[in-house]
Amino acid sequence: MTTTDAAVPRVGSALPAPGSGVPLKPPKARWLRITGTVGPLGIAVAVLWLSIIVLLPLAALTVASFDDGLSGFWDAVTAPVALASLRVTIFVSLVVAVINVVMGTLIAWILVRDEFPGKRIVNALIDLPFALPTIVASIVLLSLYGPESPIDIQLNATQPGLIVALAFVTLPFVVRSVQPVLIEADREVEEAAASLGADNWTTFRTIVLPALAPSVLSGAGLAFARAIGEYGSVVLIGGNIPRKTQMAPQYIQQQIEIDRPVNAAAVSVALLLISFATLLVLRLVAERSLRKQEQAP
Amino acid sequence: MNVTTRARILMRTAALGYLFILVLLPIALIVWRTFEHGIIAFFDSISTPAAISALNLSLLIVAIVVPLNVIFGVVTAIALVRGRFPGRGLIQGIVDLPFAVSPIVVGVSLILLWGVNGWFGGIENLGFKVIFGLPGMVLATIFVTLPFVVREVEPVLHEIGDDQEQAAATLGASKWQTFWRITLPAIRWGLTYGVVLTVARSLGEFGAVIMVSSGFPGVSQTLTLLVHARYIDDHNTFGAYSAATLLMGIAVIVLLLMTLLDRKRETSQ
Amino acid sequence: MRRRSRYFATAVAVIGAVTLTACSGGSSDTVGGDTGSGDGTGGTINLFAYAVPKPGFGKIIPAFEATDAGKNVKIQDSYGASGDQSRKVKDGAEADVVNFSVEPDITRLVDAGLVDANWNADANKGIPFGSVVTIVVRQGNPKNIQTWDDLLKPGVEVVTPNPFSSGSAKWNLLAPYADKSEGGKNPQAGLDYLSQLVGNHVNVQPKSGREATETFLQGTGDVLLSYENEALFAERNGDPVEHVTPATTFKIENPVAVVKISKNLTKATAFKDFLFTKDGQKLWAEAGFRPVDPEVAKEFAADFPAPAKLWTIADLGGWKQVDNELFSKDTGSIAKIYDAATK
C-alpha cells in the first residue's frame, strides 16, 4: 500500500476523500478503537505476562498462608515475635515518613526557591539512593555509623540505625513529589498575602502548606510503603534483634530459614495488606484533592 | 513569600547538612576506604574470579530482563492506554503491585510457586531448575522491575494521543507499521528512561535474589550477593567495600543517564 | 530513525560483548587466586556445608583434587547456617555432599529421601571431625571469664547464634546445660541456668556460627560461645581474641553424608571417604578441627587439650530426643526460654 513512504497523514485529513479510489477500512479502525495498536492478542499477552510474573506468585503466597487454615494464619501473624516485628517495622517506618515530610519538603524548597552554587549537583544527588543497590546503602551507612565508625557513632543493632538506613533509601520520595508542585505553585497568591500584611509563617501555613499537602502526603505514603518492605539496607546495620530491631522482612526470612514457610507466607500477606492499605489511602486522598481542585473557583 | 536572608541561610544549612551527613559523608567514607590502599588493590579486588563471575551473572540477568521488560512492557502500556476493555483499572493496579511488595516477599512467593513443593514444582522433573537456578533469579528480577517501562511509556502515550495512529490505520497501515513508525519513535525517550531504571534496579536487586539463589561463588552469585557474602561470610571488609564501590560507580553512571534523559524528555515534549 | 536503531544496536552489542567475556570467571575469591585446579572434566561436586568449616575445606579440596580419585573434579562449596543449608538442599538446591553442624539437619534430608538412612552406619558414625564448645573472650580476658558461672556475672554480654537456624547455637546451649544438669539428670537446673543466660546476657541473634564470630569481632559483646575450631581460626588470623575452654564442656560432632540422588555419586562418595583418610584427618587437625582418627589425634594432642569432663550427645539421649525435648519450636524447653527471653 501507499503508506510505505515517510509521509504521515495529518489530523483532519484522516478519511480519504470519497471516490478517490482508496478503500475505506472501517472495521480495522473500529478494532483500533477497542484494543489499540496491539489488538486482542496484545491484551491477552499483557494479561498472561502479568499473571505469570506477578499474580500467580502472590496467589501461591496467599493460598500457602492459609495452609493451616484460618486459625493457623491468625496464630502465625499474632505470634509474639511476629507481631513485634510488624510493630517495629511500622513504628520505624512512621518515624522515617515524618522525618521525610519535614526534611523532604525543606530540601524541595531550597532546590526550587533558593539559589546556591552546586544546586544542580545536589538535585541530581537526590536520586542517588534510588539508583543505589540497597545492600550497598547498608554497607555505606555501616562504615560510618557502625563498629568501625571513624566518628565513633555506633548505631548498628539499634532502632536509630534502622531509621538512618530507611531515611537514606526513602530520601527521593517526598522531595521528588513536592518539587513539581512547588515549581508550578502560583507565587501571586503568596505575594498578595504578603502585601496584605501576612507574615511569612502565616503565609506558609495558610497558603503554601495546603497547596503542598497532597504531594507531601503522597510522597510520605510512598516512603512509608517502601520502608516497611525494606530489607537490603537494614540487613547489615539492623542487628536483627527480635522485638527490638528485627523488621518484618527479616522475620519472614528467618521463618523460611527455619523451615516454616506457612508462617513466612502469613506474615508476608499481613505486610502486603499494610502496603495496599497505605497505597489505597493515598489513592483516595489524591482523588479527593483532585476533586477539590476541580471544584475550586 | 519574602524569606529573610537569615531564614534562608538557616534552611539551606539544615537541608544541605542533612544531605551531607546522610548521603555524602557515608559515600565519601566508603570511597576513601576502598582507595586508601591504592587503585591497584581496588582493581585486584574486583577482578578475582568470583567477582568477575558475579559481574557476568549480573549483566546476564540484565541482558535477559531488559528485552523482556521492553517487549511486554510496551505491549502492556499500549493496551492500558489505547485499549478499552473491562478490567483496565485492575490491570493498572497489578502493574503497580511490585512497588508495594517487599523483595523478601517476592522471594517467598516465588519459592512457593516454583519450588519443589510449590504449584509449579513439577517443572523440576523436566530437569528445569527454577529456584536455585538462573530462571529463579531472572523471575525475581523481572517481578521487581516490571512497572518501570510501563509507567514511563504510559504518560507519553497519553500525551501524544492516538490521532496519528488512527489516521495511519484508516489509511491502511498494518498494526505493525503503525507501531514501528508512529508509536515507537514517539515513546523512545520514555522507553529509554524506563530501560535505564530497569537496568539500575536489576543490578541492585538483593532481597529477592538472595532467597532464590543457591549462593555458589562463581556460579550463582550476583554482584550484590557478592558484596553481602564478602562482608558476612568471608570477613573480607575491604573486598566488600570495593565491590560496593563498583556498584556505586555504576549507580552514578545510571544517575547521569537519568539526568540527561530527563532533560531530553522535557525538551522533546 | 537510523540514529535510534544505531543507539539500540550499540547498546545490544555492548551488553552482548560484556556478557560474552565470561572468560576468567571462577569460584575463587582470593586476589590473584587461580580458578581452582579442578577443571570439571572429571565431574563437578556441590558441597553444602555449615558455616565454619571453610578453613578446613580450603585445605581439603586441593588435597583431594591432587589424589587419583579427585583428578579433574571441580568442587563448588557453599557455606551457611546449618539449618538453613539443610533446608535449601531439601528444597531442591543441587547438592552432592553435605556436611552439617548437627545430626538433625542430616535427618531432615533422610526424611526427604535425599540421604540414605544408613549414612551413619559405618565405624565412624558418619562423623569425620568435631570440636568442643569453647568460650572466646577479648585478648587478655579483661573480664576474667573462666567458667560457665562467670558468664552470669552482671554486665557480661554473650554472643551466641539463633538456635533455630544455627547448629553452632545448639551446641553452645547444650554445653552449659549438660554441665548444670549433670548430663540431663537434673534438667531443671540446666534450664534455670539457660533462662538466666539467655534472658539477661544474650542480646543479639546472629544467624550462624560464622555470623556470630563476625558480630563479636566487630565489637559487640564480651564473650562469644563458639566451636574451638572457630576460635583457633580467629586467633590464627591475628584477631585480638583468646579462648578459654571450661573444665566441663560438650563434644561437638559434625556429620557428613552423600546425597543419594547426586549426579556424581562415585566422586561424591570418594570425596566423603577422603575426609576419613589419614591425609584428610591430618588436614582437618591442621585447620583446628579435632580429628576422629586416634593416631592423628595423638599427633596433634598439643593443639587439642582434653577437658576435665566432656559430655556428649549420647549422654543426653541422642539427637532425636534432645531436638524433640529441648529445641522443638514452641514446645521445646530451650525454645520456650528463647522466646520468653527476647521480650
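A, B and C are the chain letters, set down in written order, and residue numbers restart from 1 in every chain.
Going forward, a contact is a pair of C-beta atoms (placed from the backbone, for glycine too) under 8 Å apart; a residue touches a chain by one contact, two chains touch by 3 or more.
Treat the numbers as computed from the prediction; the structure is a model and nothing was measured.
Visitor: With chains as vertices joined when they touch, what's the shape: line, ring, star, complete or other?
Guide: Looks like everything touches everything, fully connected.
Visitor: Of the chains present, which has its C-alpha mean closest to the combined C-alpha mean?
Guide: It is chain B that sits nearest the middle.
Visitor: From the mean C-alpha coordinate of chain A to that of chain B, what's the distance rounded to whole Å?
Guide: Computed from C-alpha means, the inter-chain centre distance equals 14 Å.
Visitor: Between chain A and chain C, what distance separates the C-alpha centroids? Give it in angstrom.
Guide: The separation of the two C-alpha centroids amounts to 40 Å.
Visitor: Measuring centre to centre with CA averages, how many angstrom lie between chain B and chain C?
Guide: Distance between chain centres, rounded to whole Å: 35 Å.
Visitor: Residues of chain B that contact two or more other chains, please.
Guide: In chain B, residues 111, 117, 232 touch at least two other chains, as defined above.
Visitor: Specify, in ascending order, the residues of chain A that touch 2 or more different other chains.
Guide: 148, 256
Visitor: Spell out the part of chain C that touches chain B in their complex, as residue ranges.
Guide: Touching chain B: residues 1, 4, 15-16, 18-19, 21-22, 24-35, 46, 51, 54, 76-80, 88, 91-94, 210-211, 213-214, 217, 237 of chain C.
Visitor: What residues of chain C sit close enough to touch chain A in their complex?
Guide: 81, 83-84, 87, 90, 108, 162, 164-165, 203-207, 218-220, 329, 339, 342-343
Visitor: Sort out for me which residues of chain B touch chain A in the complex.
Guide: Contacts found on chain B: 1-4, 7-8, 11-12, 14-16, 18-19, 22-27, 29-30, 33, 72, 75-76, 78-85, 91, 94-113, 117-119, 139, 142-143, 146, 162-173, 175, 177-179, 181-183, 200, 203-207, 211, 223-224, 227-228, 231-232, 237, 240-241, 244, 247-248, 251-252, 254-256, 258-259.
Visitor: Which residues of chain B touch chain C in their complex?
Guide: 44-45, 48-53, 56, 59-60, 62-63, 66, 111, 115-117, 124, 129, 131-132, 185, 188, 214-219, 226, 230, 232-236, 239
Visitor: Under the definition above, what is the set of chain A residues touching chain C in their complex?
Guide: 80-81, 146-148, 154, 156-157, 239-243, 246, 254, 256-260
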